[in-house]
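Worksheet: one structure, shown below.
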Amino acid sequence: MTQIFAPAADTWLRLFLAGGLALLGGGLVGVIGFAHSAYMTSTDFRPQQPVPFSHKHHAGELGIDCRYCHSGVETGPQAGLPPTTTCMTCHSQIWTNAAMLEPVRQSLTQQKPIAWTRVAKLPDYVFFRHDIHVVKGVGCETCHGRIDTMPLTYRAKAFTMEFCIDCHRDPMPNLRPEESITAMGWRTPSDTQKQREAIAAHEGIRFGELTHCYVCHR
Amino acid sequence: MAAEAYGLLAEFGSPEALLKAAREARGAGYRRLDAFTPFPVEGLSLALRLARPGVSWIGLIGGFAGAAVALLMQVYVNYDYPLDVGGRPVYAISAFAVVTFELTILFSALSMIAAMLWQNGLPRLNHPVFAGRRFHLASKDRYFLCVQSDDQAFDPQQTAAFLRRSGALSVELIPP
Amino acid sequence: MTDRSADVLPVNQSLGGVTEQLAGIPLHFPARRRWLATMVFACALLLLLMVSIAALFTRGVGIWGINIPVNWAFAIHNYVWWLGIGHAGTLISAFLLLTGSEWRNSLNRFAETMTLFAVICAGIYPVLHLGRPWYLYWMFPYPATMGVWPQFRSPLEWDIWAVLTYLTVSLAFWYTGLIPDLAAARDRARSRGWQIFFGITALGWRGSAAHWSRWSQAYRLTAGLAVPLVVSVHSEVSLLFAAGQIPGWHSTIFPPYFVLGAAFSGFAVVSIIAIALRFWFGLENLVTDEHLDLLGKVLLATGLMTAYGYVFEVFDALYSGGPHEIQTLIDRIAGAYAWTYWGALVFNFIPLQALWWRRVRRCGSALLLISASVVVGMWLERYMILVTSLYRDFLVSSWGEFTPTFWDWSTYFGTIGLFLVPFLLAIRFIPMISIFETKELLHEEQEERHGG
Amino acid sequence: MTRRVPPDSNSSQGPGLRQWSGIEELSGDPAFQAWVDAEYPAAAEFTPTARREFLKLMGASFALAGLTGCEKSPFVAALPYVDQPQDVSIGVPKNYATAVVLDGYAQPVIATTYSGRPTKLEGNPDHPVTQGRSDIFMQAAVLGLYDPDRAQGPTRRGEPVSWNDVADHIGALRAEWGRTQGEGLRLLTGPVTSPTLSRQLDALLKQFPKARIHTHEPVADGGRRNLTAAAYGQPLDVDYQLESCAVVVSFDDDLLGPGPDQVRRARSWSSARRRDGNGPGLRLHMAESVPSITGAMAGDRLVTEASRMPSLAQALASKAGVTGAAMPDLTPVEREWIDRAAAACRSAQGRALIVANAFGDVATASWVARTNEALAASSLLRFTTPLQSVANAGALADLVAEVTAGQVETLVVVDTNPVYSASGSLNFREGMQKIRSSLHLGLQRDETGELCEWQLPLTHALESWGDARAIDGTATIIQPVISPFYDVRTVHQVVAMMSGQLDPAAEAIVRETWRSRLPGDFETAWRQSLRDGFVRDTAAEAVLVRPDPAEIVPPFADDGLDIVFRPDPTVWDGQFANIGWLQELPKPLTTLTWGNVIAVSPALAKRIDVANGDHVKVTIRERSTVGPAWIAPGQADNTVALYLGYGRMRAGRVGDGIGYDAYAIRPVDQPWLTKGTLHKVGTAEVLAVTQLHHRMDGFDFVREVSVEHPALQPPPAQPSLYPARASSKNAWGMVIDLDSCIGCNACVVACTAENNVPVVGKDQVKIGREMHWLRIARYFTGEIEAPRSFFQPVPCMHCEDAPCEMGCPVDATTHSPEGVNQMVYNRCIGTRTCSSYCPYKVRRFNFYDYRNAPDSPEQAAHNPDVTLRSRGVMEKCTYCTQRIEAAHVAADKENRPLREGDVVTACQSACPTRAIVFGDINDPDSEVSRLRRDGRHYALLEEQGTRPRTTYLARWNDKRGDRQG
């Protein structure tokens, strides 16, 4: 009987086995990592908008309050996008014929809405309400990030269930006083914990009752 | 010396002949011995003074590992997001028993078989003995005794003669 | 009796001859025609399965006859049936190995192979029966962006782990036992292709003394683990039902009842295969009438134990005296699906009684027919346990009825194809009877002859 | 065209946050068209107008949560308003008071709208008649609005035309009528209570004095007016004062059954029934030929032929000492029943009321009238002059006669469907050929619309300006809650065109009517009425009448079977045939869906050897029809019941070609009870019933208590292996009073509407896949000839130790700290274990994708607060969790705890008898806690140890009570 395989064959076979195992493990880790990646949570994406609206300019530099445009935020589930007329309250006075604002004027004259691209969108089976969060002392910044530094708006936080549930388990770290709800870059004063507890108590937050399914899914 | 051969391969017609030869070889002071048989032959490892295999211990460890992994996993997921499931306890050990048992067995069995292959140095596709002309009979109905060349007492001529004396049907020098 | 059991195999055959004969089956395959014909048939069934699955995934489980209340039917029912069949393989090779009944050496290889593919057939059902199968991976614990985990109190969750463990361990056990024979085939092979195929699969096994000693230990210990595993797996499957409160399910007898039933149906299938193979490949010298005799005895024993399960179930219902339990009992005996109950009784236990006679046991064709009837009977039993319990549970107002649709049947028959195709491939490419164990047994017998 | 009421003026509403106001104008904003184009491409398939209006409708909201099935790329277009209206906050529902119409009667509703889409109707709690309760027709009306088969624009012989063409044609006709003074002009209306329409028709007749008006009411309120005319000498409407009754004896009168008066009667009946806590407050004795839900609730029920009623009524009359009432000969069973009834009446001392079938015969009615007189029960009856009155209108038969005589040039059919619902013997269809010019005004191009030259589509009540009177006469000014999204007009607009106005404004016509009728400053009163949802103090005046002493002629009797006609319990006279919710609604007592049956008694069935579903042929005066037989337990031996409303050919894609047409063989002179024959045909069909087995088989699903044993055995305390869990502040629970539940199904439809429960169709129901979250179980006990019947609504029990939750491998169903058994659709992978383990089988599974096509108009009817369930997902009753969470948010925003009544489930608010009570069981003072302490309280299958949160109150057994006292 003669050798069927050359000595090298062993090396190859073992390499093959080791490689296979490595690939398997690596693949698993890779897939899970990909699911958490910025790509999948679309936090890396700055969609083009019909009008290159800059929150940095309006909210940051001019310091317009969020609620001026997103008027529904305290009254309903949806913060709402501003109607064209809201834009025109100022832009009928200033930058009246800036080319950049042509779509806005078009919208008003032709009664056609501006087709914005939604940046913050949750799946249909998630029933999120802005009003209750705002009323209970969760600031805009908590979910939307430093909007006042965004020339083009993007999704600052990954809107995964983990993200929501973390806060629903313990809202404390994200609570702020009423007057600072829309404030950006709001720093908590020295006696943070006490103050947060005070807010929590004052708002009567139902700790431990915010993590069951029907709070968000119906 | 040892460089030019792997060893001498002696062929025997029955397990009994092989056993006899193996004992004689030990008696003659050969230590680097190995035998090849078509099925496990009782007393052979004794005759060759092989160490008791330690596969069972690895199996035991694997079993404990499996149980631990299973229990920790199940306890952790319920600790991470405790949900009220039909009023059952959050850490329902009785319910966790099944998966724990399954993983115990899985880990134990796999670890033993892996250990067996590892200790046997398998897979090994190319091995000197395969070069033996009549070695293919080792998986049929012949029984081989191999004296390796790295044995102190190994000497191609004398060892071959010794093996023939102890009843080998054929003796062959295996190249390295 | 003892000396008969001493030589199950006729001793007037040489080890070399056995080796050539068995290793020869894959290398110089006899009965190509028959094999091809069967293969075509099997592939047709497999195709049917593919079509059924395509329809299922595109249109949804609605294509089956299931409804509320009978929302589990063929899928779960055939799942249990296949898994049950699978168990015999492990029991034969592992359990009998431990008890040192070496006559099993001629049967264990194809019994294990049968197990492997039966478990695969069973394994696809839990996937198929899901409403949204593409979310199957939610049943495994992985760090999800949802922060939600599987629910380990659920029998279905246990099920996944049990079946996967069972599949992996059976595979490992089967392969470990196969290595030395692959080596034998490698050494017999002449053509380069066969040499490489068997060369790699044999992992370079040399049959050295050290190999054998480690191998034996690992093999025996794995066998030792496989036996409780089988028991646990099918007990767990029974909990799938027993954990629910439905009358006819919620019973402590279920685990042993299921395990015995499983062994019963499994041994029946083993007998069928044994008889078929020895007829195909002229293996009468290795799978002897002695084997059939022993198989017949085992079949009879497990059958009687299953019958005890039936009796006890009736007693259970009457003893509990729960009106709903009794209602279900009556439904079984006289309800819309009484035919399954009586069918199960008749097919399982009436022909079985013939096995009391040695002549019947030793007659291949007779044993074949009885085994076939047992397989049918056990299929009916599972139908009975599932549908009869669900179609009428507690509230009269929720009672319904179940009629299988074309797709129910096509999926079921399709899985038979899924079983046959790989099995046929296996007997084509792998020694279907353990060569070295046969030789071991043969050698011992010859020794005894010389000794006595 | 519609007006908005400034929010401030709501403050005048006093307590309660009822701010119904005029609808927001949403049309004309192209903003949404683009958006909907993106979301609903196939909307393009509508006619241009329809599409434009539909876009308007859909686009109104970009908060259609859940409407798009699966997740898309997160970056979808978002379209804000160009000019956002003042009081619109997206996603916040608004409520408007208005009314829908059943057989001309107003059904006052509060319409919930999301960004202009009405999605749910609740009863108007302020309304004197319904007091916030509702029935199946009111609940289902909203789906009629989105019926995809509505006529979307005017047509002439099927060809689309414009309203200008219509105006031209009517102009031409008017010229002709002018010459002939309306000679040859005939109008055919359905039942009408609308003051505006009456006013308009009167005006029209003044213009064209020779024109005539006829009315056609296939069901309406039966022969009630003829009966009163015979019994009291003048046609009357009657209202039973059940609250003050101790005993009611009904001669085949299904007073609790479906129809315009069901809500009022069910309400007063149940309050009377509950009057005293320790026993049944009102006892019902009923003699009936066809099993009805009233019979099911009756404590003492006699099964006998409809043709026996006169004799029975006479017998009771003679017992009550009515002059001229000789004792007729009765069977022993009948006599015993009469004795018991008479005894009960006597002991009731003036608080006993005898009622006769509205579909019954004159003799019975007359005897009953006199018996009431004799029992001094007049105070229990309130008579009013008929509401449904068009000045000297003729009957349909007269019209047909004129048509055949060729005296009719022009026929205007106003919102009725004679071609389908006229008696077959009239041959109305053939008659139509003789008419030169015919116009049909109606929502659909139905059988009549198709045959008429012109079909002029009308608005749905929810998009109309109009008015109508409720059953008691209280008028409601109907205001649109949404602007019409098809090219349609209100009936008033069309009639106004006929009387010469060119393009009348819908609102103006109605204002015109009320300008003279509203007291005080018109604008204020007008707004007030709109906000209230009804015009105060407009109930009809009671009239005092005495029975007419004329000789009572017993109705002719010949041998042969009694053939009884009844309106269908769910599609009524056929007008609801295209409403999927009602087609799939299990009919009381049979649980039949998607069709009608020919109900026969068990004895008769045995005699001609038929089983359920076997086809039988009913022949009446050489006209015959074939339908599936149904063996009705408790039906009189020689009575056969036919159900109207099926066998339609032009109802639409839902209602076409289902069931048999009973109108075809319905005699004109005996529309409700006649004689005929029955034969077995030999063919058969499978009926789509949702409950296969109706016997309680000795189980105690429905328990009973009696006056001598008013309390049930409290269950033994069951030890639990499970750890005690801490509940949160609120713990929700529901108690259902089986003594009040009349099985009317209002709760089921309400649940369907509130929770987007899909309609699965006949074939799926046949194989047991109906999706109702709440089923009403029907049980019989006793012998099949005269069984006792029980209703038991079965929603999810929300078990505290729920078996289903334990079965789920992925945590898709878990328990909330408030004790709600949660079902998370988006986590469900469809193992169906939960349903297998559920002892109550209340879970429902999406075997297929049952959702409407993403662009079908029905989509707009969906509640945006509830996810649409996709294929392969389990679903079930959630205790209307969207309402619970909304209440939590509202309360949390005000930083206050939840109060009793903050959360009202859909089924609870719909129930006409208030049998369903939902609330916080942690609050000892809540209604639900009070009921849980009641002696009649028990849990279904409590021996299973599931500890349900949904529990029941046992039913009172009147009979046993009688024997004792």
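By letter and in written order, the chains are A, B, C and D; residue numbering begins at 1 in each of them.
Note that in this section a contact is a pair of C-beta atoms (placed from the backbone, for glycine too) under 8 Å apart; a residue touches a chain by one contact, two chains touch by 3 or more.
Computed from a prediction, not measured in an experiment: that's the story for all the values here.
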More Cb-Cb contact pairs, comparing A-B against A-D, go to A-D
Express in whole angstrom the distance between the two chain centres, defined as the mean CA positions of chain A and chain B. 59
Any idea how many Å lie between the Cα centroids of chain A and chain D? 47
How many angstrom lie between the CA centroids of chain C and chain D, rounded to a whole number? 58
Whole-Å separation of chain centres (CA-atom averages), chain A against chain C: 53
For chain C, residues contacting two or more additional chains: 147-151, 153, 157, 186-187, 199-200, 204
Among the residues of chain B, which ones contact at least 2 other chains? 81, 83-85, 88, 123-126, 130, 135-136
Flagged in chain D as touching 2+ other chains are 803, 806, 808, 811, 814-817, 827
Is the way these chains touch best called a line, a ring, a star, complete, or other? complete
Within their complex, state which residues of chain B touch chain A. 81, 83-84, 123-126, 130-136
Of chain C, residues touching chain B in the complex: 14-16, 19-20, 141, 147-153, 157-158, 161-162, 165, 168-169, 172-173, 176, 180, 183-184, 186-188, 199-200, 203-218, 221-222, 225-226, 228-229, 232-233, 236, 239, 436-437, 439-440, 443
Of all residues in chain D, those that touch chain C in their complex: 691-699, 701, 764, 767-769, 775, 777-779, 792, 794, 803, 806-811, 827-833, 835-837, 839-849, 870-874, 940-941, 944, 946
Given the complex, residues on chain A that touch chain B span 1-7, 9-10, 13-14, 17, 165, 211-212
In the complex, chain B touches chain C at residues 15, 34-41, 44-45, 48, 50, 52-53, 55-56, 59, 73-74, 77-78, 80-81, 83, 85, 88, 92, 95-96, 98-99, 101-103, 105-106, 108-110, 112-113, 115-117, 119-120, 122-127, 129-130, 135-141
